[in-house]
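Okay, so subunit A shows up in both of these, paired with subunit B first and subunit C after.
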Partner chain A sequence: MSGNKTKINMLVLMSFLLGIILILQIKSVSLTHGLVTLKSIQEIEEQIEVEKSEMINLQNLIKQKRDEYKRYEDELDNSGSIVPVLEEQKYLMADISGNTNMVGMGLTVEIKDSEREIKDGENPNNIIVHDQDVLHIINDLKIAGAETISINGQRLISLSEIRCSGPTITINGKTFGQPFVISAIGPINEMKQAITAPDSYAYLLKSVYGIGIDFFTDEYLTIPKYGKNINFNYLKEAQ
Partner chain B sequence: MIWAIIGLALGIVVGYYVPFTYPDNYSLYVSVAILAAMDSVFGAIRSSMENTYNNFMFISGFFTNAILAGFLAYLGDRLGVPLYYAPIIVFGGRLFQNFAAIRRLIFNKLDASKKRTMTKEL
Partner chain C sequence: MKKEKIVLLIFSFLIGIMIALQLKSIDDLTGGVASSQKSRQLQSELKSLREKKVGLESELQALELQAKQLKDSELQEDYMEQELRKEIDKFELMLGQKEAVGPGIIIKFQSVDQDSQQTALLTYNYELLLSVINKLNASGAEGIAINEERYVNNTFFQLIGDKLYVNGNPIFEPYEIKAVGNPDTMESALNLRYGVLWEIRKHYNINASIEKLEELSLPRYTRSVEFKYSMPIEN
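Right after this comes the complex of A and B.
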């Protein structure tokens, strides 16, 4: 009987040991710490930074919405209606959507076809202004902080197209030949740098292809409002 | 066999809470050692059912087989020859043999008890 008892004890003990080794192995293998390259560490750190800034943005948004709510409440308490606040907002929305004429200090850029003679065998496309060029320069201006932009008097809004139509460019459904006059309200110095810096697109056009790019600043640059009616056929407000 | 399962379950529970892991490099050696240990436990279950159980054989087999298997795997790594195949094939094959024997023993037991009850009923 005692032999049977030691047998059982030993069996339990050894199985116990086996179980411990087994689970340790499973734990060690599933906890595999793969090689982490410096690059991936950096990427993850960048991601964390992005998430953090996103968090701050969202917190700011919450604060902004709270302030807005408070403004509505205050207005309701003071005058019994929120119409003045709403009207103020309406004007702001009109400004944002391009439904008002704008004035401010800004920069006017004039882009003309190159006046140099075409070389033997050279592609004539090299010396004329394309829609791509205009788009590039507009993007550079936006990066520099331009707040409102028009081309040849056509206000650029989110729906504005810049289309190539032969030697001309179509903007907001209206076709213009060169020169193209881009007006932008915003920080003058930054925008100037955006089109004169040695590695900017405008500089490249000017120095390599000889495209005429002139600019002048204006304290009271006027940018007209968007002229067409906007009808949304596909858009619906999300619930 | 029930005792072995109880011990295994206890070991798993304790092992789960032991805050210890080892480097990934050793996982191959340990896995081969685990195979050897499993074979020993199955062998012990089988021999206890066959009433040929020997305490010394079981314990010495458990440890030496596991250590030898792990060492072979390590040696194979050093020599650049996959020597861990040897324990895998031997112990893996024996594991199934032991398991088959255990099944047969259980079946025989069940069969015998059934016959006994049948004869009783008769």
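Right after this comes the complex of A and C.
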């Protein structure tokens, strides 16, 4: 009988201790010294990375603007007018915005629908060239360093749209038949890699879906300027 | 008596396994836990970075104002020189070298379920984002940005590791695309049945919402472009 009583006493004591430990545990979680999820730490780290890259960009911009201002001042000392510098700026911006014809070494890629028969139950979409395929290949070429790009002779700028609908492609509002011809001025070897490497998207299209992808290089590739007039009706400079 | 003990043993064993499983599944959900001290360190680092950034921004603004004042005072009132200035302004707007504003839409991509990582699919299938931008251009967008990166002539998306880089800068989820243009035209073009947003919603289970705004602002492109291979030629 007395043995049982000791056991019960021990049990009460232990439960009491357990209770206190539990409360301590809970308290420490809710305190500021507690734990945070790794996910939230990762989010802060991402923000820090974005801020850091933005800071580097700002520093670059500041340097650019300083140089620009210095050039204005020098020109002012030399010729008494900043017009020559501004003219030069204008021509440079016309070049990079796609408003001049360009020549340079580069690569031309021809893409056309697959000529193989579709297999039983296969989706016919698989063997047709889509907008996303063209967009993907252009993005790959840009990663490889393409500077100036045209599709079927239409200069590609940030406002260009690509619409593939079956056998035709529409770009900058003009429609062309197959094949789709992408021309790009830039480093030839890197661009060649971008469309022939076994892990490239173009290779996948060619080997798996049988999409026709041919390319040839050119020492003097000419790419015309963007033909349409650009007028902004909605976009304004921020004050 | 012995039988009871064996049953007790088995149950204790089961409870042990269940507790372990429970803890594991919590780890999976939260990605594990860490001390909040680390978090506070990072917070203060972020804060000091932001303060530095504000300083740099005001420095840049001062420089730009200086250049503007110089142009104001040095350029003559004559037609040629004013035209030249207008042309430069237009090129700067087009090349994204200035912050721009206008009416437009914001497309936000969010996971339907807070805990799931559905939007990560957009990181790996970034051609979907390219496709959205392409559709915006087809409906007359005049300026586009993704997160804080302006979309310009030589913008490309690049996946390095599990991070997405645009204009050479990292961008993180949640992604949003801003476009200045006619909000109604752009919205209806994107909401087209079986269009790219439909595909993102249906096949990738991502919540893609479109918000129309009277005015939104686009960040500036912060890099300088130099051609190494392309030479301008006479028309």
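Assume the second predicted complex is superposed on the first by the 181 of 239 C-alpha atoms of A that agree within 3 Å, B and C clash if a C-alpha of one lies under 4 Å from a C-alpha of the other, contacts with A are read in each partner's own complex, and residues count from 1 in each chain.
We take it that a contact is a pair of C-beta atoms (placed from the backbone, for glycine too) under 8 Å apart; a residue touches a chain by one contact, two chains touch by 3 or more.
Keep in mind that what you see is a predicted model, and the values were worked out from it rather than measured.
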Would you check which partner chain A:K174 touches, where first means subunit B only, second means subunit C only, and both and neither mean what they say?
-> neither
Where does A:Q64 make contact in the superposed view: on subunit B (first), on subunit C (second), on both, or on neither?
-> second
Return first, second, both or neither, reflecting whether A:I162 touches subunit B, subunit C, both chains, or no partner chain.
-> second
Pick one for A:L135: touches subunit B only (first), subunit C only (second), both, or neither.
-> second
Where does A:K228 make contact in the superposed view: on subunit B (first), on subunit C (second), on both, or on neither?
-> neither
Would you check which partner chain A:T6 touches, where first means subunit B only, second means subunit C only, and both and neither mean what they say?
-> first
Thinking of the overlay built on chain A, is A:M14 touched by subunit B (first), by subunit C (second), by both, or by neither?
-> first
Is A:L22 touching the first partner subunit B, the second partner subunit C, both, or neither of them?
-> first
Any idea whether subunit B or subunit C touches more of subunit A?
-> C
Across the two complexes, find the residues of subunit A that touch subunit B and also touch subunit C.
-> 32-33
In the complex, the residues of subunit A that touch subunit C are 32-42, 44-55, 57-62, 64-66, 68-69, 72-73, 76, 81-83, 86-87, 89-91, 93-98, 100-106, 131-132, 135-136, 139, 142-143, 147-148, 156-163, 185-187, 222-223, 225, 230, 232-239
How about subunit C: which of its residues touch subunit A in the complex?
-> 30-39, 42-43, 45-46, 49-50, 52-53, 56-57, 59-60, 63-64, 66-67, 70-71, 74-75, 81, 84-85, 87-96, 98-104, 127-128, 130-131, 134-135, 137-138, 141-144, 148, 151-158, 169-172, 180-182, 217-218, 220, 222-225, 227-235
What residues of subunit B sit close enough to touch subunit A in their complex?
-> 3-16, 18, 20-24, 26-27, 30-31, 33-34, 37-38, 40-41, 44-45, 48, 53, 55, 58-59, 62
Residue positions on subunit A within touch of subunit B in the complex are 3, 6-8, 10-25, 27-29, 31-33
